[in-house]
Each structure stands twice: as C-alpha cells, then as structure tokens.
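Next up, some structures in structure tokens.
Paired with chain B in one complex and with chain C in the other, chain A is shared by the two complexes that follow.
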Partner chain A sequence: MNSKLSYDIIGLGLFGAVILFGVPAFFSYDGFELNTFARYLSLAIVSMALALSWGTAGLLNLGQAATFGMGSYAMAMHLKLKASGDNLPDFMGWNNVEALPALWVPFNSLTFTLLAGLLIPAAVGGLIATFMFRARIAGVFVAVITLAFLVAFQLLVIEQQGFTGGQNGLTGLAQLELFGWTVDIYATSFYYLVGGCLMAALIFGLYLTHSKFGLVLRAIREDAERTRYFGYNVANYQTLIFCISAGLAGLAGMLYALVLEFASPTYMSVSFSLAIVIWCAVGGRESVLAAAMGAILVNLAEGRLSDVFVEGWHMMLGVLFVAVVMFMPRGIYGVIVDAGRALRRRGGSEEFAETPSFDTPLNTKQES
Partner chain B sequence: MAQLEVRDLQVVFGGLRAVDGMNFDVEQGEILCLLGPNGAGKSTTLDLICGKTQPTGGSIRFRDTEISQLLEFRRARLGIGRKFQVPSVYKELTVAENLSVARSSRPGIWHALTTPAVRRNQKSREILDLVGLADKGGVPAGNLSHGETQWLEIAMLIAQGSHLILMDEPTAGMTIQETDRTARIFRSLSADHTLIVVEHDMSFVRTVADRIIVMDQGAKLAEGTIAEIEANEAVKTAYLGH
Partner chain C sequence: MDVVLNQIFAGLSFASILLIIALGLAIIYGTMGVINLAHGEFVMLGAYATWALQTHLGLGVVTALPLVFLAVAVVGWVIEKVIVQRLYTRPLDTILATWGIGIILQQAVRMGIGAESKFVKGPEWLSGNIEIGALVMSNYRIFVIFLSIMIVTGTWLLMTRTEFGMKLRAVIQNRGISECYGVEAKKVYSLTFAYGAGLAGIAGALITPLFSTIPTMGTGLVVDAFLVVIVGGLGSLVGTAAAAMLIGEVTALFSIVINDTLGRIAVLAGIILLIRFRPRGLFPADTRR
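On to the complex of A and B.
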C-alpha cells in the first residue's frame, strides 16, 4: 500500500463524515437546506465521473451533460407516467400523440427505469467511444466529437416534442416509490440517499484509480502509443472508462431529476456541460474526490453569490475558471498536494518522493 | 526453425523504398546488431517488426506466426518488445509504476481491474537492482537523469518479458561507464531474450554482437561476425565511399 492510497482513504473518510454528519447537523436537519445541498451532491457525482475520463485517461468529454440528461429523463419519464396514472402524460395530448409511444412503455417499471438510467447512458457512451477510440482519435478531437454529439442530442430532444415535452421538458412528476418507501425530497432520508450514492460512486472511483486499470489509463494519457507496445489494447481501456463515466453521469442525472422534480433540455446544454468541466478543473481533475468537492464548492458559491450578483455571477464564474487555469492548473487538489510536499520537505522527511512530480506539468497534448 | 524470419520485406513511403527486400533470420538467444549509414532503413526495419509501420510487401514470421498484418499490441502480446530511440518512459508515473505498466504478461482489462496499481515483489526488486534503480522506486520518472531514464526503459523491457527485444540506439547519450554497464546488462539478457540492436557505437557493438547485418539503401549489404564485417570490401565502400 502506498502513501497516496492512504491519503485518499483519509480524505474520503473526512469527506464522508462532513457530508453525512457535518452538513445535516450544520443545517439543523432543515429539509429545505438539505434539499439544496442534495442538489450539489448529485452534481458532485457528474463532476467525479468527468474526473475519471478526463483526469485519469485524458479524455475530455464535453458531452457529459448528454448522458447526464439521459439519466434525468429516464427518471422523469417513470415519474411522469406514475403521475399520469391511466391517462396519457398531459403534454402528449397537447402534441396530438394518441397512444403511449413504445419508447415510454417500459418506463412503467421502476426496475427498468433504474437500470435504464445507468445502462442507456453507458451504452451510448460506449458506442461513441468504440467508434472514436478504435479509429485512434485522441486529444482535442475527442472534445469536439462529444460536444457535437451533445448539441445534436439536445436538438433531438427539443424537436421530438410529442415524446419528450420539447423545450418545457417533463414537469408535474410524481414522488418516487422505492421498494415501498415514498421518497420525500425534503426529508433527511432523501439527503442520505443522494449522499450515499455519492459516497458509493467515490469509493468505486477510488478503487478504479488505484487499480492497475487506473494506472494503465494514466499511462495511456501520457503516451498511448508506447502503451500499445506493452500489449495493452488501448481502445478497450479507453472505451470502458468512457462507459463507466457515462453511466455515473446517468446516475447523477436520475438523482438530479428527483431533486428538482423535473427534467429539462437545459440539463443537456453546452453551458451546463462546460460548467461540469469547470467544477472538475477547480477541484482538481486528477482526483475523483477533489472533483466532487470542486462541484460542491462552486455550486455552493453560486447558490450564495448568484442571489446577490444576479447578472455578475456568470462573469465571476468565468474569472474563477481563468484564474484556476492560469494559477493552479491542477486545481485545489494540486495546491493542497504541493503544500503538503513543501511542508514535508521542510520537515526533513525524505518521503516526499512518493507523491507525483509537480515540476513536470501535465502532458498538455492529450488535453484541450 | 529461427525465432524470427524476415522474407522479402519492403515498405514504400511515397516513392521512397525505405526497406527494399530484406531477408534475415534471428535465432533464439542471439544478439543481432543492425549497422548502416543514416537512412539505410535500420529503424524502419524495427518499426516493421514491432508494428509501428505496416509493410507494403513481404512476410515476417515470429515463432511460426505470420505477424506482418497484426496490430502492434497483438505483436507485443506474442512477445515482441520495443525500445525507441527517444527514451519513452512515463514521466508522470513513478519508477515502480512504470515497471508495473511494463509487467504486462496479462494485459486484459479484467486482470487490470482486479489488481492493485503497484505490487512490490521479488521480480520487480531484482530488475530494479540489475539496473541500479532499487532505491528510486517512488521517484517520478521525470526526475531521473538521462542515463537512469535509459536504464528504466531497459528495466521495463525486461519486466515486459518479451522473447524478442528491439532496441534503437540504446546507448545514445550515455557516458562511457554507462555504455559499459549497458553492454554487461545486454550480455546477461541474452540467456532469456533475443535482441536486435540498432547501434552506431562500434566498441559497444564489438562487445555485445553475436552477428551483424550491415544495411544500405534499404537492403542487406553484408552479414557476419564482427571480424568478417570489418574485412568486407562492400561495407568499406558504403561507409567510406570509394
């Protein structure tokens, strides 16, 4: 076991304690505040999912919002059907849809919905990844292709009004019933559901990054060509991490639709997708834990500041991103690790060599 | 039956016949040195064997398998390792992590998912001892000196456990002492590994080579032991131009 793994476990433990015990206590178990925080936690999942593909494997997926949206629509379709009872969902009537489309029928089943929210995004991600990585597309072209997919997919959702509710999205949803438990989004239990999902996703992400799979992905990020000469099928490794990342984004989308009680095409917008990149970069894309914290911190700041500076907020977010890219390219994570290393060096310990080098900047050819 | 059989190998880059009708065999456990002036096609021959370049004609048989149309990672799995001219270690990974990536006898995803990133074991320690990096396991490869980087790469090739290792100028930029040490490592390797080495340093070639092939303009000019090559008139003409 190396020291990096033990730091990550300590970090995860602290993070878990704050999220599961600290935050509810701080808000005195106030349902409304916890609901807001649950929203940040669901966004933390999509941010850590991006850290897996971008930070670990160097694949900048600008279409993360598309798979996030798929998850949110899967959940919203189930809840919409539940809310409509035996009738057609209301918006279908407005769009002259006579019978429930075949696409919608299986979403009557909760099990199908939960599986679909994870597996459809993963499958779509896997399909795009298969085509991209078998053709050995890398670097900025991955970002361009995924961005193009995002825009096309959002257009499709808006166009197909009879199936998707178009620009309005899916509103007027029922409450989710999970194995006999009716999910009340203003209850503490719902907060724990989202927090639990985030912790599970983080443990899974840390497992992946500390396995040889994660190591080979970091090797691929640095030099895919060299890694092939060791016998690794690079395309398979890239495709799998892309799939996993898309599936986790789907999970985040499902939770997000629950928190906000609607699904909307704005979840699949370019600006939302870029916001995910910002959270991930601010926290530090090399660590899933840091990326999750980045999402929580930026959204927390947005929640507090956008009330005060309604117009100026986006400007501030932009300045924040530029500042992060220029002055701390490895995010808050990089600053903390650097500081820790400097402290240990001053303490005369020779162990500092265990952490990765910061004198060598991240390989920029794989990224934008 | 030779370990590697190259027959009528040729590759054309936009009209230039970089390799034009190469024929040679390499026996198990042999160290073969490729010599020749710049542009003779030495590195290209290595590229063709490891899969970096696809041949336009001819065949390459490795341990009775035709490999000339296989993707590079499939050839690597059959046991062909490659060291490039430019040291190509993973600078952001530590020495131990580099070695772990190189230990790729099981390159599948499932094995990777169920194995920790770095396993410190006897074999890794022995390899690091051999190249003198035993106390640097936790150092990022980007912080190593030039010579250490070269050795790390050699260590990675040993860890990969390839039957056939292709080396492109392994001693480039090394001091005399480092070159000597590399020569010793190579001699100790030949028990388990076959080596094809492209090298300009003649004293190094004298120390390690079992056999030499001299190339000129994409084709084989001469073949033999170091003494035979040094006495060969055609070689003198190609190098000295008279």
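On to the complex of A and C.
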C-alpha cells in the first residue's frame, strides 16, 4: 500500500511539473494554445471526478454531465447578469420574461455563485444517491437511473427557455472578476488558475483514495454485501462519494464555462456524458491521476486529429474505445501496472502478482 | 374527446414500434445480461437498408422486411462473434463497448451514405385512413400495430414451442448446467443476439415512412426502449409488452395534458421512481437468478 502511495505521489509530481511548467514552456506562453489546453484541464477534472465514483466505488454514473452542466450554468448565470448590467439578460426579453426570476437573483453575488457551482451539483448528486442507494440499487440500474436523470434534466433546461436560454444556452458573457483580478482567458494566469484547480482536485482525490474511506469504497466495489456484513453503512459511503464526485464535476463545469465563454445544453447531452466515460476508461478508472491524463490525451488527440480527419475522427474514437474496453479493461493505467509487475517478477522477486482473471466462473452473470 | 382518442391511437402505434425494438433488447439483455447500447444503431441500419432496397431495387417497405431482418441480423451476428462474446463476464463493460460500436456504425453510415435525411415512401396499398367517428386511423399505423402483435406472438412461440427456444430458456436459467447437457451456449448466444438485432432492423424498416431517416435516429429510441425493458422486468415477454404500451400511451397522453417535453420528463421521472421501488420491473420473471 505504501509503495503504491509513493508511486502516486511521484506520478502526481511529474504530472504537475508537466502541466504547470512543461506545457506553458512548450507553447512558449502562447495565449491561444494555453487557452485550448486549459479546456482540456477542466475536462480532466470531470474525468477524475468520475474515476472517484466509478473506478473507486464501482458506481457507473452516466449522468456526470448533468452536474457538470449545473456548474457551468451557475458560472454563466453570474457572468450573464454582469454583462447585462441593470437590464434583464437579453434572451429573457425575447421570451417575454419581465422581471428577473427569483432563481437568478442570488447569482448577482460572486461568493454565492462560486459556492453554488460546487454545492448545488453536490446536493443534487447527494439527493439522487440517497434515493438510489437507500434502496440498494446497484450495477446496471445505477447507470440507467443516472442516464434517465440526465436526459430529463437536459430536456428541462432546453424547455425552460425564459430561465436558461433554451437551446442557445447562455452567451455573451462578461469577464469574471475574482478579488479585483479580471480574468482574461488568454492570459497565462488563467491557465494557472485552471491548472491549480486540477492539481488541487487531484491531491484531494488521491488523499481520498488512499484514506480509509477509499479503502472502504474499494471494498464496496468488490463486494457490497460483504462490506455491509462488516458493519459499514454502504449507502452512506456511496452517497458521500457521489456528492464529492458531483461537486468536482460542478467545479469542472464552472471552469469550462469560463474557458469557452458560454454555457450550452450540449454540455448535458448523453454523448458528452459518455465521452467523459471514455476519457476515464482510456486513462484508467482505478486511478484519479490516470483518468485525468486520459481526458487530456483523448482531447489532445481529438484537437489534433479532428482537423485532419474531419469525418473520420468519430470513427477512430469509437474504434479506440471498443479496443480499450476489450483489450485494456483497466485503461493505460492497467497496462503500466501490469508491465511494472512483470518487470518486478523478472527481477527475481518472489511476489506472485494476482493478475485479475476475466474468464472467471459462469455464474458471474449474477452481478448484472 | 376526439383529441384524446387520436392521441391514444398515436400512442398505440408508437408503442408497437417501441415494443419491437424493446423486444430485441429484452431478449439480448435477458439472455446474456448485455446492455446493448448499439441497438438504436441497429434500428438505424434497418431504416437505411429499407431505403437502399427501395431506391436501388424498387422494393416496398413491406416486401423488404424479411431482407432487412436478415441483413441486420447478420450484422448483429458478426458483432456478437467479434466483440460482445468476449465481454460476457463483464456486464458493465458491455454498455461501453456497445456504445462504441454504436458510434462506429453511425459514423460509417454518415461517411458512406451521407448525413442528410433520406426519404422512404410508405406502401401504396396501405395509404388512406379508416375513420370511426372523429377517430382517424391511418392504415399503415394499423398495419404496424398488427405486425408488432404478430412479432410478439412469434417470439413467444419461438421461445416456448421450439427446440431453440428450449435451449435458450435453459441457458438463461443456468448456463453451466445447460452446457453439461450439451447445449452450445455460445451458439445460442450468437443466434439470440442476431435475432434481437434483426428485430431492431424490422422496427427500423417500419418507422421509415413515419420518421425521417438520419444517422442519429436510433439514439433517442434506444433510451426509450431500454427503459421499457427495465420497467417490464427482465426476461419477461408479457412485461415488455405491457411496459411498451404503458410508456407509449403515457407519453402520448401526457403530451396533450402538459406538452411534449414536459410529458417526456414526467415519464422519465416516473420510470426513475419505478426502478427505485420495483427494481426488478413490473413483471419480474422468476427464471433469472
């Protein structure tokens, strides 16, 4: 366990060095490139948030994009109000909304917005989780309920045009002012803001997975029933990790809205939500660090390749994903871990690594 | 009142298409525990196959049905052999793999045929309406409803009255023991997957005169169909049929009481509640577990 922790810390250190020093130097502090990379970093946060609930606790949340979207809308609402000054936001006028809806009023305050972007998604995640896990819903059903929630929520956001801008989302946003510092999204300082948030989220995530809390979550992933027999309140643990994951997704959403300067209901689409799952699976869902890297790598590849192969890119993404699921079920992380084990064994160590076998008994179907 | 009656009829015809899609999904899920997110793309393939048969060979929608069934079944069979078969022990991963397959199929169609909407003509002999009082029923929709009843009956007969069906039920109950008795579970799985895919293809062919044929047409349908399967209970034909009717009708009726979008949201919320309180569906079958 301790050796694993030290590996993770080394990995985090290397990752941090690359993100905070390597990348800006590589792009020679070019504002546009750094802005693009800041987008990948914000997506890395949502991917690592999914790794917490999916990889650690085994809860496949297909509705991660809903909480991500809530964060981005919270941020966008604040900036929209700021851009509109004393007037109503323009789209409300088009939809015959005469007074500022009560839902929008508190978003005039920056403190409220920042808290809301974290706490509203966390609260919603907590509600859904309480609702599901009290009834001991598990496996596929978690995926279905979260998926249904995502679809319903996106429909609701599009439907309520007067409050949310409908299909167009919230555009024409002001710049964020944080403690007297006007955030310029093409400045290096903004890149460091996003990078700093990612690093903080990763440190928090690693702390969680290495704590006893993380250990209990892994136990639940392996066998929820047995963990329950040991006297742990499984539902509470699951609910808490769902809240944390949703809150981090909200944080990622806030940053994403800042980077792109608009919030749109496509952030809450099913395909976006499944894309998060892809990033997480490619990197390796068992490690928050690997999941974050997965998001960055896939998006980097998308940014480079989709210019060259406009049509073919989606095809490649699909093929890549099927290949990862089939041949690398634990993602790049799993490949590295297995390679490390093989090396150590060849080095004469007596340790017999317990390789997970996937052709286990026939009755594993009962998991479904 | 006539609005309500017409909505009930529209709901019924939507429900019967949903039923054919969900039936394929339910058979695949009930047998192998595979959540087939590529099912919507099988529907889409069926629709495009119909379009291709009509434009290149001049076949009508109804004549094309058996060919479409075969074509999509072959695609399903290949996918099962190459990909899904390796994932039977990892049910959660099948969601991801089949979704990836869905992307590939969708993109292949978009690149090969084009993203613009294709038009398929409904059959001539089924044009026109039957009117009973204020209720206007199009002949084609009535045909769809009857066909779906026939397909459900046929599937039921296949499951209960044939040797293949007996093997299938044996494998569903206990794969290990059935293999000891000489049932080739792998073969049964492949054929079942192909059959389910073929049913999706038929559904795709049937909706071509009603919906526009575009590469993304399946995505919305698969969510609905999957909800039908969950609501109906695993491995239960009656449950699936009842759930399809329920969801189709409730969607249709809600959309006159409130509006389309809110109606759908209400249905989704209802389904979430249902899964929460009856996780094994309305009509749980005793065969599994």
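Everything below uses one rule, namely that the second predicted complex is superposed on the first by the 348 of 368 C-alpha atoms of A that agree within 3 Å, B and C clash if a C-alpha of one lies under 4 Å from a C-alpha of the other, contacts with A are read in each partner's own complex, and residues count from 1 in each chain.
Assume contacts are C-beta pairs under 8 Å (C-beta built on N, C-alpha and C of every residue); 3 or more make two chains touch, one makes a residue touch a chain.
This one's a predicted model, so the numbers in the text were calculated from it and none came from an experiment.
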Touching partner for A:His210 - first (chain B), second (chain C), both, neither: first
First, second, both or neither for A:Gly231, with chain B first and chain C second: first
Partner, of chain C and chain B, that touches more residues belonging to chain A: C
Touched partner set for A:Leu240, first chain B, second chain C, both or neither: first
First, second, both or neither for A:Arg218, with chain B first and chain C second: first
Touching partner for A:Ala152 - first (chain B), second (chain C), both, neither: second
Partner chain(s) touched by A:Asp8 [first = chain B, second = chain C, both, neither]: neither
Chain B versus chain C as contact partner of A:Val319, first or second or both or neither: second
Chain B/chain C common contact set on chain A: 359-360, 362-363
Chain B contact footprint on chain A (complex, rising order): 2, 208, 210-216, 218-219, 222-223, 226-234, 236-237, 240, 353-354, 356-357, 359-360, 362-363
Chain C to chain A touching residues, read off their complex: 32-33, 35, 83, 86-93, 95-97, 99-104, 106-108, 110-111, 175-176, 179, 219, 223, 226-227, 230, 261-262, 264-265, 268-269, 271-272, 275-277, 279, 289
Contact set on chain B toward chain A in their complex: 50, 71-74, 76-77, 81-82, 84, 88, 90-94, 97, 100-102, 104, 107, 109, 111-118, 136, 138-140, 142-143, 156, 160
Contact set on chain A toward chain C in their complex: 60, 131-132, 135, 137, 139-141, 143-145, 147-149, 151-152, 155-156, 158-159, 270-271, 274, 277-278, 281, 311-312, 314-315, 317-319, 321-322, 325-326, 329, 358-360, 362-368
